[in-house]
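Just below sit the structures, each encoded as structure tokens.
Same chain, two partners: chain A is paired with chain B first, then with chain C.
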Partner chain A sequence: MKPALFDYVRPESLEETLKALSASDEATVIAGGQSLLPMLNLRIASAETLVDISRLRELKTLSETETTLSIGALVTHAAIEDGLGRDAFNGLLQKIASKIAYRAVRNMGTIGGSLSLCDPSADWPVCLLALGASVAIASLEGERCLPMEDFLVDAYTTALEQGELLVRIDIPKQGDCAWGVSKVNRKSGAFADSLAIAILGTDRQPARVALGGTASCAQLLAATSALLGQHPDIGADALSSAIATDVAAAHEEATPYQMRCHIHTVTCAIAEARSWSR
Partner chain B sequence: MLRKEDRRHLAGASTFVADLRLPRMRDIAFVRSPAAHGCIVSIEKPTGRENSVFTLEDLQPLNPISGGPEIATFRNATYPPLADEKVLFVGQTIAMCIGTNRASAEDLAADVIVEIDELAAVVDAIDALTDEAPLLHEDWPDNSFIDATITEGDIAAVRDAPVKIRRQLKMNRQATNPLETRGVVAYQDHRLDELVVYSSTQGPHVMRHGLALALGLPEHKIRVVAPDVGGGFGGKNRLMPEEIAVAALAMKVDHPVRWIEDRNEHLVASIQAREHHYDLTLYSTAEGRVLGIEGSVHVDAGAFALWPSGPFMETGMAARNLPGSYTIEHLHIRTHTVATNKAPIGPYRGVARPGACFAIERMIDELADELGCCPVEIRRRNLVQPTMMPYRTAGGLRLDNGDYPKALAHALEMIDLPKLRERQRKGEPDGRKLGVGFAVYTEQSGHGTLEWVKRKSRVVPGFESATIRMLPDGTINLLVGIQSHGQGLETSLSQIAAQELGVDPSSILVRHGDTGLSPQGFGTFASRSIVFSGGAVAKASRALATKIKAIGAQLLQVPAADVTLRDGAVQSSSGQIPIADIARAANIRPELLPAGTAPGLEATETYEPPESGGVFSYGVHAVTLLSHPVTGVTEIIDYVIVEDCGTLINPMIVDGQIIGGVAQGIGTALYEELPYDENGQPTATTYGDYMIPCAPEIPNFRIKHMVTPAESTEFGVKGMGEGGAIAPPAAIANALNDAHRDCKAKFLVTPMTPRRVSDTVADALARENAE
Partner chain C sequence: MVEVKLTVNDQEEAVFVDARDSLSDLLREKLQLTGMHVGCDHGACGACTVHLDGTPVRSCIVLAARCDGSKVRTIEGTRNDAMMDIVRRHFHEKHALQCGFCTPGMLMMSIDIISRYGVPSENQVRSELSGQICRCTGYMGIVAAIQAAAREINGNGDN
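This part shows the complex of A and B:
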């Protein structure tokens, strides 16, 4: 379990990084390396050139305006667990970060790396999809922004093109945000078999419920979200049929166990969000 | 007393095999079979690198060695260190590549082209015995290593019993997962004219013997050294192909070679464990007195029999332990030890008994369900009573002493069952189900010559040796043949010697794990070290004490019978002499010795326990858990252990052994599994797929010790290293059964993963709805 040879560059600036990425079709970005390195070690992934972005200090910060919270792509799970952005979204980010894998992984792993890998069971894609976030993508041509729905394409597939780098996540601020999180995994720290995050609507943003652990990327549950938006006090029965419809569409060919888990996590996440007294 | 080993380990200052740095050492990577079953057509070495790639032919001359019991009906198959004709499991070694580091060795291994004609794989131990199954070993009539029947009493006499319960149970395959994986460093020491093999092993002397057989070397030209070993659990107690291949390679090249197993190799090609299928019928009276057990046990043994013992012991012990701690008189079990296209199985903490305990303890709870009776009450009616001891079970095991019903009573006191039942009736606010489960286990330990001869073992670990040597200043070297792989034996054994000699344990240095230093021994396994090595150390210490006392008495001019050893001195009513003075005289100032006394202070003794059938630790585990009926996620909220291992030498070490064992048992119960797909491909090859319980999964344990000293051993000790791992699958399964009793869900397969639990409950609910 040692990687094959690769070239390695560690640029000091974003511009240098983007040049390195556009110079070669075979350049692979490495941030925290918590997914990529094991894959390289097992030789199930290979890399001609690793472009190590860990020196890009500007991607390690969190900033905010009146309407938006922006998280640099290199912010680690541990930094968020330890309180970075704690006040936003009533602590949702901290809650999510603290349940990702193990502390050793969280120390190194980054939010941008997690999004760029787009593992179907990863936590951040579900969370940021539920929050209605968008990503800022840099290349030598400039910067473009994509809503999360368009950025996440499929399992391990994003809209990132060769030469592009995810640099920032922008999350629209919400008022007093009520959320619920429900995760099923085989043990603490294991990837989720099902992860649902529900955010109840505020005046600024409609309700959004997202699901991970499908065969594809994180999915927004449209019917459920819409129903919750239109009828905030809708009863459990009406909600459950919407959930069943959404889950079946989100995870085709799910096993009965997966279906049970998805319906359970979505139901629990919504119930938890509804339990907030506002 | 704190462990002597802790200082170096807490500082990260010790030496494991992977810490060795030798000049010009090269790393080895193995080319391993990607196919589960097939014939090797060709092995093509990369052009220009032929000298760095070795196949079986390049390592010759080697002697084929086979493992397994010395029974005529046991079918043997040579396990070659590198495959040359057939491959029989994914991960089997085919070639070895030398690199300046592991990465370059792996680069080279990736360029070796192996062409294999694939054959259909055998992946199920029961299907493996049908006529349609492909044969792994073509000269065998079927895929069974051995079929045997274990029978006692007259099962036909109880077949008409009023209550009959038949269940099929399975304990799935798992890995042994020591923190430190296996590893070997080998080189030729030309000065000493010996082949030096550093190996992360549990038994250096036995491994030396096996290597000598395989390499055709005289044994005095091989030195095996086990430095600190980071866990073994049985998985480092067999001679494995990599060890033979690396040692053989060291004889072909002019530099040290090193192979360190990585976790991927560990999960695919190391010793694997368990995988028992049970099909059992239990016969009982209407009052719940169990009369007999009948049925079959299939052990999925993998492709080869490992040297020395092979897989048959697993099967025999599974069958013989089925009566457990109960007065069941009739036993009739057909056993099958089956070859499949999987990595060979070997011993793992508990050996066979976690499966047997799971089977019998689940059956007891099934009987309780059938009779509408409390599982605790059913156990009370069937447990061997202290007045019946020593009691010979239907499995032929001699339970020496103890009070099993009292252990059960203690466990009940500790959990407050009525209160838990009340909580269960009320239900949990989050919809989870509360369950309480019990399991009783026994642990055969310290068994000697006759027991191993009965098992037809090729190597009979019937004794242990110890050499105790007092140096001129009165400090002591204690050399032992066992090998600690984390049991704290340097501490426990020095406590024993210190007590016998009246000195402080800090003046004793225990040395083990080096055939160049230690007297002959067998290593640490089968819960034997405290009984055997503790006995040998006590005996050698007493021999030394006798001489010290004799010298001291003469110098004090009193009869030898009137002196004692205490506080580092020979004491008598008329005065005392420091032991250090005697040590000085005996070692470097012989003129100070009484006339006629031979110089030197050294004693070597061997010890064989008088009770060859072993002494039995036992205990009761009581688990309280919450189980989610939809997600199937289990949370253990209380874990009570009542155990009796006789006299405790070091209570903290005993508790550590219990906790570690139970943690592994929880792994067996809920998390760990090595599945194979229909083509024989292993599907859990990293920790991403193979779940090991981590700290959050391990509850706090509440442990109560009972102390019934063994009658036959030194100090009344009993071995106890495995017991913790035996009962958890049974106790946890019974607790799940209790949690979901309403819907009649039956938990008969380990590990009880969230998916299995959820599916089991869903199936039970569907059945209930259909009815």
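This part shows the complex of A and C:
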């Protein structure tokens, strides 16, 4: 099927983009378009004006300071899969990127697009929530930063307001980072029924465990994270009970299958992180 | 209408498209390059895979307007390509197609897989092909053809 008619603009600069976005409350940003175009083609989404940001070269770079890794919103999954930022977080970003959809999609799809769409099963929101990242949001008024917890609001809902554009993701670096990833999906490349990412604490960051595939956006599992932070060697019984409590809160009215998937992925992600030889 | 100037199979083209037209519309409707097929029109099947600026993309979910200034290569542009000739021969020998609908996308993906992996393992080929759907269920032949072609192109390797 074809999308309904829309207008199309392709600004050459960030300022031009922000002007276009603030001029109309019917403007929709398109980055790689790998989620938005299927949704438009199936007519489950509609747009008055598409603002194509693919020419904003300044959003395609990765930079770092001693404490922070900054990823431009237009960096593609394939660029990360191919090694951009490979050394950070012991290869976690590369692992996540390489399992998103399919290569032809990863060549176009962007990390900022994935966050801005906030699909409940998407990979980056879970990963960046677990890493304690924050996002930089630009508008004509200037730039504001939000931690991932505040940026992700609900399924397909973020804190982005009219006239705003996600431009950058800032991730605090954390020494030797032990992580685990577990994903259940019905077919390679399909969206996750459940995705859990566990990152054990270091002297710079507390332990954080995040879950995707719920009815809402990616969720931080507070009780499990706190327990792992306070008692890194906590036994299986106490850990399972914290996981069960967190999962029930993260996905209300989950089916028994969904509950089993979530408990499985969270348990496996923590076990993998713990098996990391330091 | 939006004017799009792009290079398709080494030939410069200038066409007018609707903002909502996809790259697959541009190629099939405006340039009559019908070698690439459109299966699902929402990025699920991989039949419409072409190379955009050197990397494979699904042309049904790339806006034509966005391709202004880009280089596109379709299956028609791989005639007399040394690497594709080898891949095509192995597809023939291993019976890697039945109805042929998915084949142009499979071939465009194949040369990308061989370029990135050198001599990929069977698991790597299967994982990389997970986004290309063949409804004749001919995957065994396709996987075998890609592996055989990779070995001929890049040596045996023990990857």
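Simple rule for what comes next: the second predicted complex is superposed on the first by the 278 of 278 C-alpha atoms of A that agree within 3 Å, B and C clash if a C-alpha of one lies under 4 Å from a C-alpha of the other, contacts with A are read in each partner's own complex, and residues count from 1 in each chain.
Here is the rule we go by: contacts are C-beta pairs under 8 Å (C-beta built on N, C-alpha and C of every residue); 3 or more make two chains touch, one makes a residue touch a chain.
From a predicted model like this one, the values you see are computed outputs, not experimental measurements.
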Q) Looking at the overlay, does A:272 come into contact with chain B only (first), chain C only (second), both, or neither? A) neither
- Message: Looking at A:3 after the superposition, I want to know if it touches chain B, chain C, both of them or none. Which is it: first, second, both, neither?
- Response: both
Message: Once chain A of both complexes is superposed, is A:43 in touch with chain B (first), chain C (second), both, or neither?
response: first
For this session: Could you look at A:189 and tell me whether it touches chain B, chain C, both or neither (first, second, both, neither)?
Result: both
Larger residue footprint on chain A, choosing between chain B and chain C, goes to C
Tell me the contact category for A:102 with respect to chain B and chain C: first, second, both or neither. both
Where does A:264 make contact in the superposed view: on chain B (first), on chain C (second), on both, or on neither? first
Practice prompt. Report for A:34: first if it touches chain B alone, second if chain C alone, otherwise both or neither.
Written response: second
Self-check item: Which superposed partner A:54 touches (first chain B, second chain C, both, neither)
Solution: second
- Query: Regarding the shared-chain residue A:16, is it in contact with chain B (first), chain C (second), both, or neither?
  - Reply: neither
Both chain B and chain C touch chain A at residues 1-5, 38, 42, 102, 187-189
The residues of chain B that touch chain A in their complex are 101-103, 106-107, 110, 262-264, 630-633, 671, 686, 688, 691, 693-694, 696-697, 753-755, 758-759, 762
Seen from chain A, its contact residues with chain C in the complex are 1-8, 10, 30, 33-34, 37-38, 40-42, 50, 52, 54, 78, 101-105, 107-108, 187-189
Counting only contacts in the complex, chain C reaches chain A at residues 2, 18-20, 22, 41-44, 46, 49, 52, 55-58, 60-63, 65-66, 68, 109, 112, 127-128, 130-132
Chain A contacts chain B in the complex at 1-5, 38, 42-43, 102, 184, 186-191, 193, 256-257, 260-261, 264
